[in-house]
Structures are given as structure tokens and as C-alpha cells.
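Order as written gives the chain letters A, B, C, D, E and F; numbering starts at 1 within each chain.
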Amino acid sequence: MTSVMVSRIRRQQIAQLIADGKRLDGRGLKDYRSIQIESGIIGKAEGSARVRLGKTEVMVGVKIDVGEPFSDRPNEGVLTTNAEFVPLASPEFEAGPPGEESMELARVVDRGIRESKAIELEKLCIIPGKKVFVIFVDVYVLNHDGNLIDASTLASIVALMNTKIFKYEIKDGEIEKKPGFSPLPLRDIPISVTLASINGILVVDPWLDEEEVMDARLTIAFSKDGRICAIQKGGSGTLSPQQIIEAANIAKEKSEEIREIVVKS
Amino acid sequence: MTEKIVLVNEDGIRTDGRKLSELRPIKLEVGILSNADGSAYIEQGKNKILAAVYGPREVHPRHMALPDRALLRCRYHMAPFSVEERKSPAPSRREVELSKVIREAFEPAIFLEKFPRTSIDLFIEVLQADGGTRCAGVTVASLALADAGIPMKDLIVACAAGKAGGHLVLDLNDIEDKEGEADIPVAYMPSFNAVSLLQMDGLLTIEEFQQAINLALEGCKQIYALQKEALKAKYQAIKESTEVTEEE
Amino acid sequence: MTSVMVSRIRRQQIAQLIADGKRLDGRGLKDYRSIQIESGIIGKAEGSARVRLGKTEVMVGVKIDVGEPFSDRPNEGVLTTNAEFVPLASPEFEAGPPGEESMELARVVDRGIRESKAIELEKLCIIPGKKVFVIFVDVYVLNHDGNLIDASTLASIVALMNTKIFKYEIKDGEIEKKPGFSPLPLRDIPISVTLASINGILVVDPWLDEEEVMDARLTIAFSKDGRICAIQKGGSGTLSPQQIIEAANIAKEKSEEIREIVVKS
Amino acid sequence: MTEKIVLVNEDGIRTDGRKLSELRPIKLEVGILSNADGSAYIEQGKNKILAAVYGPREVHPRHMALPDRALLRCRYHMAPFSVEERKSPAPSRREVELSKVIREAFEPAIFLEKFPRTSIDLFIEVLQADGGTRCAGVTVASLALADAGIPMKDLIVACAAGKAGGHLVLDLNDIEDKEGEADIPVAYMPSFNAVSLLQMDGLLTIEEFQQAINLALEGCKQIYALQKEALKAKYQAIKESTEVTEEE
Amino acid sequence: MTSVMVSRIRRQQIAQLIADGKRLDGRGLKDYRSIQIESGIIGKAEGSARVRLGKTEVMVGVKIDVGEPFSDRPNEGVLTTNAEFVPLASPEFEAGPPGEESMELARVVDRGIRESKAIELEKLCIIPGKKVFVIFVDVYVLNHDGNLIDASTLASIVALMNTKIFKYEIKDGEIEKKPGFSPLPLRDIPISVTLASINGILVVDPWLDEEEVMDARLTIAFSKDGRICAIQKGGSGTLSPQQIIEAANIAKEKSEEIREIVVKS
Amino acid sequence: MTEKIVLVNEDGIRTDGRKLSELRPIKLEVGILSNADGSAYIEQGKNKILAAVYGPREVHPRHMALPDRALLRCRYHMAPFSVEERKSPAPSRREVELSKVIREAFEPAIFLEKFPRTSIDLFIEVLQADGGTRCAGVTVASLALADAGIPMKDLIVACAAGKAGGHLVLDLNDIEDKEGEADIPVAYMPSFNAVSLLQMDGLLTIEEFQQAINLALEGCKQIYALQKEALKAKYQAIKESTEVTEEE
């Protein structure tokens, strides 16, 4: 809990720098922090990844289970995304049931994956209307230094890219596991890009101090053909329609840079 | 999904008979609940939504009070009978998320700094849902806030645009929302040209997105006019009834 | 939160008037407030109604689902009644899980319907012991100005009266919907009447201010043949046996008046 | 329900051998738990119920304290093993309702205004249930309050009457409660002829109801005598044991 | 809430006595309080017992249900142990979901039963992989005066010893009850013994006042062949390895004494 | 259970190639999370566990603060993806119990009385579980406390011993824990020869138990040396990097 005073000075400092095209941590307005990706690090999970975005650190584990399909999608697997703000990640996080922040994070990550149709859910049906694969994407925030959405989306898609599903056959209506695994069928790699508006100026990948002073946050996710697949505005400020379009154009460019890193990783 | 539903026919007419950039019929009423400090009701297509405001009032629990401004709280909630399959009355993750983005949509509009150490509590109850409930909820909540006399920089108005059946369309209904290609809810302060809520589901090119945003803003402006009319009608009604009031 | 002082004065004022056979809102001791009934207003619900009792306003939606019967009633449908005190209805209501007041309301409404055997539950069995219709009665209080029990019971029975159930046939042990609907089979129309005892005098249909000063509340529900089907005393005061019998006689008379309104509506 | 159970035979005798207006055997014990400020135990038929009272004591959480009187809290709770099918230990809606009506039954009897800013906490634990647990719970709770030295205008006593097998009957047991026609639990302060708890399930004409109430009140009076005896027995026991006490 | 002062004096008093080989309630260091066992007292439960250990009083009810086995134990019944700290038992207990103390109690009682393999779970399979008996052991603390673990373990095993299971046969894959009951198949009688270390001296069966001043608590459960089947250290103090071995030897001896009481009861 | 797994072969070698009294490979890192006041990471076999410490800091909620010492709170928690079958993120009864015994293991080691009215919060997150997580969790938490500068009488170190395949073994892995005969987790302060956590599952004679305890303590002493090395490595790294620090 920094005092109101300090945060006002900090706000001025951050905003003034940004007005000059600079940032407190030395980045340019459209620069991401350094991105480090590790994949397949949790052997007990069917898929996993750890992403470090500057000092922000997020781990994602993917677990596969067999369950029932939704009644309006009897031939499709089920995607379930969850985010935990475990209290070791930040002095602000508390143990207990998920709050609105972690629910929003989970839903925005889920939206990017779902709306880009990244997972070929229709290939995850085992017995139509009865048994399908259920994909649990668990986002685990380990250190919160801002822009959890991009770090989590990134870690989730990398974890899905290394997810494997056991092979099986159906005998007398029962599922029998067979030796070996197939990769999770993916058709897209959605990438989200988050910008903050600080005194009317857009900056990419806000870190924690910037998030604390920003007017609004805008996250735009792109599918690999360059289409927008999800948007979420956050924060208690506003954006002009012009800013939104400008943000979309910046975000598209950045998403391509990041997708290249992912594909190479 | 098994049979492809035709969302827009060859004459550019939608499943409910509307043109591409046509709003659903909207009915607004202000000041309809006696306990709330402010209240309003909207019907937009088959959506039926109530909003009520309590405050500025004492904050419970007290430690949540803010020293320099009012605490704005918002609850978007759906009645169990508002949707096809009964919804548990416990708040779903979707309702929690929408409560958050709606609160953030109103924070820039309300002069919260005028009421330090108090809370302003905004309740949106969806009695029947037909697509676009968060937008209709914002529109009606704005009227409830005005009815409660909460000072605002501008009314907030909300409307979605999106893509359905291959066309950009305004104010998506339930089936267009579920079977269409994209949905973009937008909340807007027309006097400031400021967007305070923005989300998107679906797939759109940047060009389509730009057009859809503009379409949504056009819708917002039309609804804004209806909001003002509804408030005027309320004031008129109050004027006419002030002689009859029996309770202070 | 009115001060203790004001409420004491208010209490005296209300009680004195009642001793003179009058009430603060101009009604006679045995008068209901105006009753307005709208039915079938929520198209997405299988049944619905809105009741206004003076300024008290309650909405009820009925949803129908298919589920399992109770093990001791394998051939009967299931009735589930729930009440929500949504916080827009009163400055006293808080968001969150149901409290004792709303649980009591739901249980008293449920008791009137269940004990009068209003719903022909035995006609709601689909496959004995396996599948039955489940009737969800959701009471939604929209404005609380006293006597929620009568308003809710009334709205519930009106909603049940316009409830329709999809037609179906059983094919290979599975339920197949057919076109068309049947009305929910009802055999009774229970009506509840609530009285308050204020300084030993009984008044019908207490509004909020009277509830705040009353000693005790007594709700008596009647089936259409004039028998009592449910009773609930509330409040932290007492009633004499004579008062109870007097209340039952008043309530019977009033229940017949209200039932007539319902049948005509 | 498939086979009709004969609840009252042609000689007017009930399934457990009782006559129509006969109570079940009742056993009462006062002061049986060492930690509670007051406690008591009842067996009524196969019902086995414990009650304990803590207070007047400091209120937790503090903001619940009342400036002008004690806060009475009551919890009626059933052990998981007290019924045929294991009951989850989390309070059911039924338990919440009964806790409320039992609390309201005691509020008029206790001199709460003598202990402002404190709480009096009343706990009723049903160890075995056999019909009529709320009434037996009230009866035993009354003794626990007396044992705790809580000043009361009168002991509260409770008993149900109802209709089973076509007859008005006193003190319904489990099968009469489930398969009978009506059940009316009544709590009563005999010295004031005042009813403080009243509920009814089932179907009765007003005439039957009137008779049933009177029957219940007769039952109450009989149990009231037993309550007084049990308290007397406790005082006697204390008198006899005061020399042996080793702890203050 | 006794003041810090009083408890310090009390602590000294208790500790000094113990250093002299005596205890405030007159017992010797290795003496249990009086043990009273009643069994089969709750007719509605399949098994039950009440144990009084001095003023500590615990009731246990056993209920039997039919349910699904765990997927990794398809041929075994299921044991579920739960403990409730109902608020009538102590001024320190609060109504509400179980806290860490009652969860620990349930898990330690469960551990003794499970690890000694007391219940022949493999005989409780009805239809392999589908239906098995589920044994609910519900520990109900009625008066807390210390050493809940031993009292609860004792009451649990006595309740299990008088538990009966309905007879049944399988007809067309459905379970049909037959007249009569069999006893729950048991192969062991685990007994737990709890010691407290107070100023480095071990005492058996600490009562509440001793628990409040003790450094650490050590519970050791024994199967009937004298092997250790469960251990739990509690409290925020430490034990030396020598103390642990000493405690194990004392506990073994005491467990045999108590088992004799159980067998005779 | 259907096929008997050979946990120890005729040469006394275990399923993962270890000898009976051999520890799994251990990797320790100190100070790896930037937000926490102290943090550490352990890999022990396939276990991967993070620990973080916040405090001494203000207590929330305030009424939990202790007048004469710091409140130590501990949460042992498993990530949903850390085990074969996805674990719900809500704390299980097992996690609640382990949080309690781990907290009790640390209370005797920390100078809590130096920080009255504050809390020290210890978080252990199991990212991958492979048997012995509570012990590895204690070992790594000890380093996180040291990294946070919390004054301790001694480092706490933990290790299990037990019986598997008929042999006493050190540091059981997942399969030995599940299919073996007994498991004894022990936490220990080597400088004081003091055991602060002790549990046992399984069946052992007193003699076997005594040997197993001694084996566990031997394991503790080996890991203790690794803990000290890891702390030394951290100090070295700090020394080398102090010139580069840019934030105070």
C-alpha cells in the first residue's frame, strides 16, 4: 500500500516520460519486455509451459480427462480454462476462491483460444453425446509484474502446442487406452497483445507500475491469419474510437512478432 | 449447428425481420421501484431488464470505504428463469466478469469524488435474456443512476454490433449472438466520443472491426436519444404528480 | 437504519391507529392492499407471473427440467421452490447466498403448494424410478414493502397455472420431444393469508412499516375446499390460542376473496 | 405409500401402542455437559436430543452486538447419523428455517434486555430423530437455558398434535408425521397462555385445527410438569454434591 | 479467553507438578482418565458408540450407503471419516464449515483405521468397479476436555465393531435387500495413544489444561499385533528422537490396556 | 495392486535405481521470485516445488494479530496439474492438514516474538508431485524464510524414511509411497537434535520405526548441507550483482 502521495508523483513521472516517448524501464512505447518461453516442463501434465515476460512469470499446465459433452455440442470436446492467483505471486493476492480479476483473466485467455477455434474440438469426441475429451487449461500466476493476460495467453497456447492425448480404442462402449500418444489437434495459434492508455498515449505490454497509473487497458487477440478473435477493455478510463483502431493496428503487428517467437520456440 | 441457420436472407433481412443496421424495438421506463433510490426498466427485443441504484450510502463492510471518492459496486445478475435452461442463482463466472466490465464502464462517467466514504450500488437484473443483455443492462443502468440523482458527466449508452450470416449487423439478438461470426458490445459516452466498455468474441478482420465499431456507435447514438426521452417523460410524470404525493 | 427513537414513535402511531380500527395507509384492519396480477410475462420460462401487492412486487418464473425422482417417491415429479432476495428490492437485502429469511419464504411458499397437493406430481413421472419432470419455482422479490409470503404464494400459483410442459414420447428408453405443450396438471389453488398481531390486534396483509412494529406474524394457507394446508408463525412475539382461531377464520374468508381474483385473472 | 399403512387400528391404538392423546415416554436430564453454561438431554420416543447454552457472553463478530439487549442465536442441527439416510453435516434449508422459528419461540420468553451487548447462544443437536424433533428440541432447550441461569418469564414447552389414520393424535412419531394427514408443532408458555411457535403441514378443516391446537396445548401442559420435575431433580443433585466440588 | 498472566501461572503450576511426577487432576504421568464406553446407542445408525474420557465426550455414528468405488480400487468398499466440532461442545467451537483442527482429527482417526487395515474393505464390493458399500464414520464431539484424538479413535472403532450391514442379492444387476444383517467385517482394532510433552516430560492422555500448556503432542496408533499403524505429531514444540522412541514404548503398553477394555466392552 | 510391483530388487536396488539409503537428486535455488520477500525452489526427484515468504507485514484481517508475537501462517497447495488426475484448486482436507503440520514444524524455529502484531506468510506451491512433497516443501520453505531474512534458530530440514518392498528405505518416491509398507515424514532442526514434524502411515514394528527414524534423520543431515550450500550460492550471487542493482 504505497501512499496516495507517492503514487501521484510516480504517475506524473511515468506519464511525463511516456509523453516523451520513453518508459521508466527503458523500453520504447511499442516494445515488449523480454519474453522467455519454456515448454513441457511438467511431466505429470499432458501439456505445460512457463512464460516469463520481464519479471512477470506464469505457468500453465494442461490436463486431459474424459467427460460428457455439452448438450448443445454433443460431438465436441470441452475446453475449461481456469486461472489461480496463488498468494506467492504478489502481496496483493489472497488465498481463497477466485476473485473477479482471476475470473476475468481466465475468461479472456479462454476467449482467445475458443474464438480463434485454435483447438479442433470436433476431433476430441470419443462417443458422440456421451464421452469426449475435456481439456483443462490451468493458468498459474507465479509472479505478477503486470500484463498477466498476454503472459497467460502465451503460456496457454505454448502448453497446448505440446499437449499430448493418449491413444485409445472403444471396446463394448468402454474406452481402452492403447500405448502411445497423439498431439492435441490445433489449427491456430492465437496471440494476445495488451496496450495501456496513459494520459491518452498507448503503450504496449504495461508492467505493474504502468497498470497502476493507466487510464484503460485494451487487449486484442489475433488468429494466425491476422483476424481479431477476442477483445477485452479493462480499467476505469475510456478510449476514443480512433485510439481503438490505432491500438488494433499496433497489436496486429506485435502479435505477428510474438507468434514468430512461439513458432520458433 | 447441424443444419445451417440462415441468419440474413438474400434481401438482407434478419431472422426477426430487421434490416442489417436496425435496432430492435426498445421500451424504456424510469423510476419504477419504490425502494431503490433510482430504478429503470428496459425491453430491447425480448430482453427484459431491471436496474436499481442505492446510494450514495454508508459502506458495508466499512473497511471498503475509500477516503477520496465513492465506491462504485455493480452486480449484473440473471434470474434463474431468464434463459432456456434454468440458471443457478449463484453468480457464474460470466456474471462476475460482466459485473466488472460494467462497473468499469460507469466509473469514468460518475463524479465519484463528490461522495467520499460512501458507496453507490448498481444492480442489474436480467429477467429475460435475448442476446445483448450487457449492453441493454448498461443502457438501463444509466437511467437508474440518473433517476437516483447521481451526477454524471454523460449518460452511458451501450449497443453491440457484429457479424452474422456474412454481414455486419447492429444489435445482435440471441441466435445471431450464438450462431453468428462476431459480437462486439460497446458502451459509449456520446458527448465525449469516449468508449468505456469494449469486448469482442468471434473473428473479424481489422477493416470489418472498424466498420462494426462505427455501426455500434451509430446504434448507441440512437439509443441515447431514447434514454433522454425516457428521462424527460419521467420528469413530466413527476411534475404532474407532485400535487398527489402523500409521503415525504 | 432509522434511529430507535423514530421507530418507537412510529410504533406508537401505528399501534394507536390500529387500536382505533385504522391504519396508516388508510386501509381497514382486514383489507388487503390492491392486488395486481400479470401472468405469462416471461416467454423463456415455462410459466411466469408478476404480482403487485401495494408496492410489494414479486416475480415468479417456473422452469421445467427432466431429472431423477426422490428414491421414496419413484413415481412422482419433483417440486423445487427457491426464493431470491435480490438486492435491488430493498436496502436491507444483500447479494450473496440465501439467508434465513429467504429460505423461510421459499419453504412456506413450497409448503402451501405441496401440502394442498396443488400439483399432480404423480402425473409428472416419465420413466418410473428414473426420469420425472422437475418443477423449479423461482420466487424473485423485486420490491419489498411487506408481506412477501402472500405476494410470493400468489405469484407462484398464478405462474404454475400458466405453466406448460412439452409433449414427448419414449423411444428406446430415451425421451423424445414432440411438438406442442400440455398445461401443468393442477388440482388445487392454495392461497395464503398473512396477519400481523400489533398490540394484540390482528391486521391483514401487513406492509413493511407494520412488519417492523408487529409482535408476531401468522400465515395460514387454504386449499380450495376451505381446509388449512399450511401455517407459519413468524416474529418474536406470541399469540393466544383464541387469536389463532380468530386469525384462521379471518384468513379463510380472505383466502376466498383472493382465490376469486386469481380464478378471474 | 404403495401399501396403505394402518396408523390407528380399530381400537384407536397407534403403531407404537399409544392411545390417540397419549404422549410418548419422555426422559429429561439437566446439566450433563461440563463445558456449556447450561445443558440438557431429552429422549421422547426414539428422539435423542442434546441442548446446550453459552452465554450471556461477548458477541463475535462484535458488530452484531445489540445496544439494548442480548442477541439470541439458535442453531438446530441434526447429526449425520440421526436419520435413515446419512445427512450432510452442512445445515440444510430445513435446519435453517427451524433454527429461525425456534429462536423466535424463545425471544418472547427470555429477559434479553437484561444483558445488552452480549449474546446467548442456544445449540440443539439431534442425535437421533423420530418425528417431532423441533418440539422436543424446544422442550430440552428450555431446560438448558434454565440450567444456564438465563432469566425467563416462563419455561417454553412444545408438543405437536395432528391427524393420522383419520384421527386427531397427540405427539406424532416419525411414521405418523410422514404418512399422516397433518402435523402441528406448537410451542407454548403455560403461565401466559401464549403460543410462541406454530406451524402446520397437511390438510385440516378449521374445526379439526381448533381441536388439534387444544390437544397440543394439553400435551404441552403435561410436558411442562416433567420439565419442572427435571429441574427440581437437578437442584437436588447439586445440593447433594456441593461439598464434593473441587473447581470454582 | 483467560488472560496471558493466568495461563503463565497455570503453566508453571502444571509443569512443576509434572516435574514431581504428579498432575493437577491427581493422575500419574502414564494414567489415562476414566474411560466409559457405550455402544449401539443410536438405533438409526448402522453402528454407534459414545466414549467418555474423563469429561471429554465423543459420539460416533456409522452409516452405510451404496456408492461407486475409487477408480484405483475397483474391488474395495470406501471409508469416509468426518469430524464435527459442534459448538455445544466447547466455547471455542464455532458453527460453520470444518476448520483445520476438525479436519486433522478426522484424518488422524481415519489413518489409524485405514493403515491398520481394520475394515476388510475388499469384502465390501458389491459389483466390481460399479457398486460398493460406503462406510461413513461421523465423529461428533459433544464435550471437549482434551485428547479428542484418542476418544474419537476409540469411539470410532467401537462403533465399527457394532456396525451391521444389510444382506442383499444381485438381481439383473440391481441390488435387492434381503432380511437380516451381517456384521461389518473387521480384522483389526487399532488403538491410538496420545502423549503430551510438557517441559520435556511425557504425560499420557493430556486433558484440556495440559493441552493448552504442552509443547507438543504425539499420537501413536497400534494394530493388535503391536505394530505402529499411524503417527501424528501436533503442537508448535519439538521432540527429541529419544523422546519419540520413549513415547512409542509407553504408547504400545497403554494401547494394550485400552484394547483389553474395548474387547471386554 | 493386482500385479505385485517389485519395489526393491534382489540387489537392493529401487525402481529409480537408487540404493536403500540414497536420496533422490536434489536441486535448490534461492531468491527466484521478485515480488516475494523471500523465495526458493526445489527439485527432489520429480518433485518441483516453489516456496515464497511475505512478511513480517501487517495482518489482514487485523483482529488476527497477536500482541506478543508474529502470526505465522502457512499454505501448502498443489497446482491442479501437479498430479496424475487434475486436482481441484480448492484446498483439499489433505492440504489443510499438511498446512497445519508444516506451520507447527516452523513455529519452534522462528523468533516470532521479535515481530509482535505482524504476520509471516509462508506459501508452498507444489508444481509437480512425486512423493514426499511435504518434506521437500519444508526444506524449500526454510530457504525462502532465510531468503526473506526471517531470523530462525536453525534451518528446518525434512526427509522421509519408510519401508518398501520389505526394506527400510530413505526418501520414498511416489510409487514407494503408494505401494510401500510405511512412510514417515520427519522435519528436523539438526543443531538442536529436535524433531518438529512427525507423521506415519503404514505398519511398522517399534524396532523398524526406530531404525526408520534414524535413517530419516541421516537424510535430513545430508539435505541440511545442501540447504547451506544453496544459501551460500545465493549470497555469492548477490555480492557479485550488487554493483548492477538499479532499483532500491
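Please note the rule applied: contacts are C-beta pairs under 8 Å (C-beta built on N, C-alpha and C of every residue); 3 or more make two chains touch, one makes a residue touch a chain.
All of these numbers come straight from a predicted model, not from anything done at the bench.
Student: Over the chains that touch one another, what is the least number of steps taking chain B to chain D?
Tutor: Step count on the best path from chain B to chain D: 2.
Student: Touching both chain B and chain C: give me those chains, sorted by label.
Tutor: Expected: no chain.
Student: Give the fewest steps needed to get from chain A to chain D, where each step moves from one chain to a chain it touches.
Tutor: Between chain A and chain D, the shortest chain-hopping route counts 3.
Student: Could you work out which chain's C-alpha centre is the most distant one from the centre of chain A?
Tutor: D
Student: If you average the CA atoms of chain C and of chain F, how far apart do the two points sit, in angstrom?
Tutor: Inter-chain centre distance comes to 57 Å.
Student: Between chain A and chain C, what is the separation of their C-alpha centroids in Å?
Tutor: 48
Student: In whole angstrom, what separates the CA-based centres of chain C and chain D?
Tutor: Chain centres of chain C and chain D, defined by C-alpha means, are spaced 27 Å apart.
Student: How many angstrom lie between the CA centroids of chain D and chain F, rounded to a whole number?
Tutor: Using C-alpha averages as centres, the distance is 51 Å.
Student: Think of each chain as a node with edges to the chains it touches; is that a line, ring, star, complete or other?
Tutor: ring
Student: Moving around the ring in the sense set by going from chain A to chain B, list every chain once.
Tutor: In ring order from chain A, with chain B immediately after, the list is A, B, C, D, E, F.
Student: Can you name the residues of chain A that touch chain F in the complex?
Tutor: 41-45, 48, 55, 57, 59, 61-63, 65, 82, 84, 86-91, 94-95, 97, 136, 138, 140, 142-145
Student: Where on chain D does chain C make contact in their complex?
Tutor: Where chain D meets chain C, its residues are 1, 68, 93-94, 96-97, 99-101, 103-104, 107-108, 184, 189, 192-206, 209-210, 213-214, 217.
Student: Over in the complex, which chain B residues touch chain C? Could you list them?
Tutor: 33-36, 39, 46, 48, 50-52, 54, 57, 60, 75, 77, 79-86, 89-90, 121, 123, 125, 127-130
Student: Which part of chain C faces chain D closely enough to touch in the complex?
Tutor: Residues 4, 73, 100, 103-104, 106-107, 111, 115-116, 218, 223, 226-241, 244-245, 248-249, 252.
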